[in-house]
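Below: the structure, in structure tokens.
Chain IDs A, B, C and D follow the sequence of writing; residue 1 opens each chain.
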Amino acid sequence: MSNRNIQVEPMVGHAVEDQTVEIVERKGIGHPDSICDGIAEHVSEALAREYIERVGRVLHYNTDETQLVAGSAAPAFGGGEVTAPIYLLIVGRATREYEGTKIPTEPIALRAAREYLTEHIPELSLGTDIVIDVEFGEGSGDLQEVFGDSGRMVPMANDTSFGVGHAPLTETEQIVRSTEHRLNGEYAATHPEIGADIKVMGKREDDHIDVTVAVAMVDSYVDSMDDYRQSVRDVREYVHDLAMEYTDRSVTVHVNTADDYDEGAIYLTTTGTSAEQGDDGSVGRGNRANGLITPNRSMSMEATSGKNPVNHIGKIYNLLSTEIAQRVVREVSGIRQIRIRLLSQIGQPIDHPHVADAAIVTESDVPLSTIEDDVAAIIDDELANVTGITDRIIHGELTTF
Amino acid sequence: MSNRNIQVEPMVGHAVEDQTVEIVERKGIGHPDSICDGIAEHVSEALAREYIERVGRVLHYNTDETQLVAGSAAPAFGGGEVTAPIYLLIVGRATREYEGTKIPTEPIALRAAREYLTEHIPELSLGTDIVIDVEFGEGSGDLQEVFGDSGRMVPMANDTSFGVGHAPLTETEQIVRSTEHRLNGEYAATHPEIGADIKVMGKREDDHIDVTVAVAMVDSYVDSMDDYRQSVRDVREYVHDLAMEYTDRSVTVHVNTADDYDEGAIYLTTTGTSAEQGDDGSVGRGNRANGLITPNRSMSMEATSGKNPVNHIGKIYNLLSTEIAQRVVREVSGIRQIRIRLLSQIGQPIDHPHVADAAIVTESDVPLSTIEDDVAAIIDDELANVTGITDRIIHGELTTF
Amino acid sequence: MSNRNIQVEPMVGHAVEDQTVEIVERKGIGHPDSICDGIAEHVSEALAREYIERVGRVLHYNTDETQLVAGSAAPAFGGGEVTAPIYLLIVGRATREYEGTKIPTEPIALRAAREYLTEHIPELSLGTDIVIDVEFGEGSGDLQEVFGDSGRMVPMANDTSFGVGHAPLTETEQIVRSTEHRLNGEYAATHPEIGADIKVMGKREDDHIDVTVAVAMVDSYVDSMDDYRQSVRDVREYVHDLAMEYTDRSVTVHVNTADDYDEGAIYLTTTGTSAEQGDDGSVGRGNRANGLITPNRSMSMEATSGKNPVNHIGKIYNLLSTEIAQRVVREVSGIRQIRIRLLSQIGQPIDHPHVADAAIVTESDVPLSTIEDDVAAIIDDELANVTGITDRIIHGELTTF
Amino acid sequence: MSNRNIQVEPMVGHAVEDQTVEIVERKGIGHPDSICDGIAEHVSEALAREYIERVGRVLHYNTDETQLVAGSAAPAFGGGEVTAPIYLLIVGRATREYEGTKIPTEPIALRAAREYLTEHIPELSLGTDIVIDVEFGEGSGDLQEVFGDSGRMVPMANDTSFGVGHAPLTETEQIVRSTEHRLNGEYAATHPEIGADIKVMGKREDDHIDVTVAVAMVDSYVDSMDDYRQSVRDVREYVHDLAMEYTDRSVTVHVNTADDYDEGAIYLTTTGTSAEQGDDGSVGRGNRANGLITPNRSMSMEATSGKNPVNHIGKIYNLLSTEIAQRVVREVSGIRQIRIRLLSQIGQPIDHPHVADAAIVTESDVPLSTIEDDVAAIIDDELANVTGITDRIIHGELTTF
């Protein structure tokens, strides 16, 4: 066992699954805030990889301030048009030169953003529906210092910050997450009428779960009001079936509840995202690192997307604590809920946090004492391999929102 | 009693004050994220007041996407200079015309932002140290619909959202909050060397509290390294004395711990904010509506600053729930901790939330049953007067960050 | 004959062809100023056509303030890269709505700009080498008044302005113009190594003509310094042969004279335009409406590119006067040089200028009196058909730079 | 006598004063294009002075791409307001660091622009009526090379370019120039109702001069339509009297001819410049270096304002040729008109132009041979002292527009 400050304690109170009221939310990949998160992170990965390829190490950068200014659109059954473009500004800092090698940071960022949008929001025509701009400043001299070879050395914490992770997900959390993932995945593959901007809110009161889904419908695939209503019904049915895979509780699904058919006020869009009409977006204002907004659980305010994965302690600790929590419940039996918190100590190596604490609700018949060593060992092991998180982030293996 | 869905329940588990580890953070008024919050909210207030004065009602607007792009500076003992200006872009939507009356929304916003900075970050020379720009789009047609006369009618919820509030503050929370407030208040009045960018982190383990303060020192009031070190010591002493007013626990205060005197690496600035050198900022990424970041407590992700106070349900419910929690502990005895949550129901009047639930930890000798009616009555009363929150926001009586 | 104020006079002095020193310049299609001119005008044409298609008439707009902010590049033999993108901002005013029909002015402009660049500067990768942005304001209320059906009615002059045109071109002018046109045309078709940014200056002293050509070479088609030198020699030879088609005078051709082979300082680019590295551009600062800069001749300062072709009197008169001058020398014998000036009278129909004056140098044996009626008749006829100019502009049949 | 290539020749044809039709224009200091010129040049001067003060020499910069995007305003008798701010973007390149010394180029530019506007367009409230932004790139490596100590060494021509100057001014030119200068000077001092945006066009046909003046009236000093009409009459009378000081020809003055009193369409503004409502501006699209637009005379297309005064050959030669022409007519009798042209030779010292030619119309009784040596001597002397032009530009002693 290392000399790390690891604490394993019982959590007082009920697991979230057992609380009376639970609220969970997920902003889907096409939500304006998520677009910003996704681009910020994708740009970050691209920069990290290019730095490694060109100069053998990751240089100073942060791309976590992407801002989206909404456009205007005139959707219409059968196909409308964008009337004023969305404006997306990638803001951040990035080192442009290292020992004589110039790194084309802004073109790299633009290319990454374009790739990302092409893949995830295909209805958006780049350059006409959306203008993508970039402005990278240079960091201060000391911040431009480079990180160890390929990031292999354990860096020092650059801030006093913390990360938090939870496992396992509750039924409601699983439903909310899966609803968005699968609508934007398998469902969209055969239903082009649903846009990528899907917002899901789950509310559980005791044993009843309400799932409220807002889906931006794409006008070119919706020919009439009847068509639209059918699309809404199809989504409702699909989500209900999906939810039943995760729970035995009763579930009610609501889709596009703000629609008013009599007024003709429906959620119809040209590009599949509300960014086309009045909804601005920012990084870090939506989902936490585990893909959810969970007021019943401890959350960090850190915007992880776009942060430098080598030395940004908030990003690393949020992702690592989530990984630890998930591994613990995979490998250790008898845990109903675990929360991992990692608190950094500025100036110390990041594999030695100020404190790493695990708060656990065990199954009723499992004394904490029987598992706490196993839990501590996993935490210790994961901290020892903290730089692995960086590699996985760079290669796009971890999601941040 | 009304027909509102109000639930008062016992909270399972310890009050935060009684938990083993507690973490609290506050980003001071001069932090780049807080500058964005402050300007977004001040601009919002100014717009609301001008709308009322000019057309008798608050029109559609949101100014919650202010973005700050950091500048560069060359601080020096005795006074350095900004070498590249900070760029602050106020983004949002605002209605420019109503029944033939034009409202100069962008000049109003610029004026409000300038007033705010002049008052709160006086070391920043407007127009040369910082460029303030504004870009307001117009909302969609239906969103431009006006709100009831002066906002007196109870509006409908425009979204499924929720707010959460807590009371009372723990000792650690009080210390963190007061440290920033009083440093930026009474202390700064006689110590011009401290800048407005003050970040405070409190960590309590059992009965020991660590208060970590990062203060941007203003170079024109610091003549030498000795001077600087003395300034750091003065802050430490002041904060320690302050902390002892709030607690009997042991307290250690750390100030500017990232300094390295041998390397000459210290936290010296020309303008008193790290925005002058590399630190960007955004709305809604810092303090929650109660002025704190509290991972031990339930938090909402909503950016409240800059949101329209008439109909933005997330803003209203976050502020209202905090108000309710505070009033309850003021008026009802025997409560160790209360959490109020308000969940909206889209399309319903905002004084009738989908659910209003109070979770309470009572003093050990107080049965919940003896107070729950009182609590419910206060919740009911506050909901009945929900529009009062809007008025107080507009007049700057409530803080949002 | 109409009642137009047409004056035909002898020009005192020598024709430019007979003056001792003559200076002529042309900025080629890939020069940063010309890129701005070209996009401004192409956007203007696209808007005019869309207005006609959507609402039957051209609405108020001007797109004559496009600005190009240069990027950075690291060219290299065999292929380098752009390291910071060019930023091109299309600025102007355009009417977004007319009797309930919305016109997507900004997307139209973006599309037109992209088409233009794809066709004329093919080495520029849109979206990564160059960011294209647009910001259209709305004009003042009275300026938004629409123009007659499809622009058929003769509009009133909106300003006191004038236009000037000349014919025929001198030998030096023909050489300068043809050099750029043919290098960017037939020569580029088989010599991909030359970029679109070609600047040509002609200077004639008596019977000797110096042609100085600066050609941005494209690095991916140039493998070595020897290659580069060969490319320069090839251009020199081509231009010399070309020049001899237009003159019997002696001609010296200089290509990329600022090169310093010993220092390795050559005019090598990645994209074929100096906009990639440090050279900004603006509308209206380069070629006049006849495609040349001619200090020996009277010139107008008007930026014609991007101006509204229905009512912008400076644009119409500059193009019309050039058309008139050319037609006169085509149809009337005995003219060595003609200058046409049209001066508008604000508030009067544009087919009735305040004064239309022709200044003519006749061949030595031709008395002006024998041709002046013919000249006046052509001027009168062209003015009577002034709206034809508008149609030809809209359909891209006239060049403005 | 030096070995400079100086040619003095007779000009064939009439002096402009003796031609039948003459057209002259001046855009006053508050015209959107002139605002850009003025700020570009004032920023340039400030940068040059700061460079000299901080590092002893002028570094590479150009600030000649300032762009003004018009605002919106709602003028009203007695005082209206700006409803959307003017946006002014100072674009250019400037060296930020030299041998370890950082130069705050952007703050210097912002400060200079603010000073300039405060002095010349006092009705504009900085920061609310107008947003001033700046974006300076860095030039390419070789362009960042510094210039000789304080610019004392004679630099090499960086381009093939030319400059042209004329003297003396014709009566019409004097009237046009003085009208604007004196309206914006002595007249404005006692007539605050006239704004700085004054456009003057002079047209002379034989011995009649029409002076057309467009004056932006400032609403806070104009209480009624009667007031406005009186203001227009006052300007007309003042300009007529002024014109008679310069000529014995007959003069008609027209003021604000586009007004339509019946429609209430008048030239009323809140800030005294049309930039407040729809009129954009750019550098280099208005007055030439002598303050006038003179289609009857040879003009250069160079934008002189904002160009680097140490090595930008177009700027230096335009100003120098004007200086030479003026000095010649001051010191040498018998000249009715002189035109000086200076053509640079790339890579050669700028005091040795490729050719310097003077074209002269002498008084009828003065043979050119009696004065040509005197003229050549002055040209030679001025070229020998070419760097003096740079100093005078830097110290704001020469105007560029």
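Criterion: a contact is a pair of C-beta atoms (placed from the backbone, for glycine too) under 8 Å apart; a residue touches a chain by one contact, two chains touch by 3 or more.
According to UniProt, the chain labels map to these proteins: A, B, C, D = S-adenosylmethionine synthase.
What you see is a predicted model, and the numbers here were worked out from it, not measured in a lab.
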Maximum centroid distance from chain A (S-adenosylmethionine synthase), chain identifier (CA atoms): D
Length of the line joining the C-alpha centres of chain A (S-adenosylmethionine synthase) and chain C (S-adenosylmethionine synthase), rounded to whole Å: 51
Chain B (S-adenosylmethionine synthase)-chain C (S-adenosylmethionine synthase) separation of Cα centroids, rounded to whole Å: 56
Centroid distance [mean C-alpha coordinates] between chain B (S-adenosylmethionine synthase) and chain A (S-adenosylmethionine synthase), Å: 24
Chain D (S-adenosylmethionine synthase), residues touching no fewer than two other chains: 84
Pairs of chains found to touch, sorted by chain label: A-B, A-C, B-D, C-D
Residues of chain C (S-adenosylmethionine synthase) that touch chain A (S-adenosylmethionine synthase) when the two form their complex: 74, 81-85, 87, 96, 102-107, 110-111, 114, 126-129, 131-134
Residues of chain C (S-adenosylmethionine synthase) touching chain D (S-adenosylmethionine synthase) in the complex: 7, 9, 11-14, 19-21, 23, 25, 62, 64-65, 67, 69-70, 72, 84, 89, 91-93, 135, 137-140, 142-143, 160, 162, 164, 201, 203, 205, 212, 257-258, 265, 277-278, 280, 282-286, 288, 293, 295-296, 298-301, 303, 341, 343, 346-347, 354-355, 357
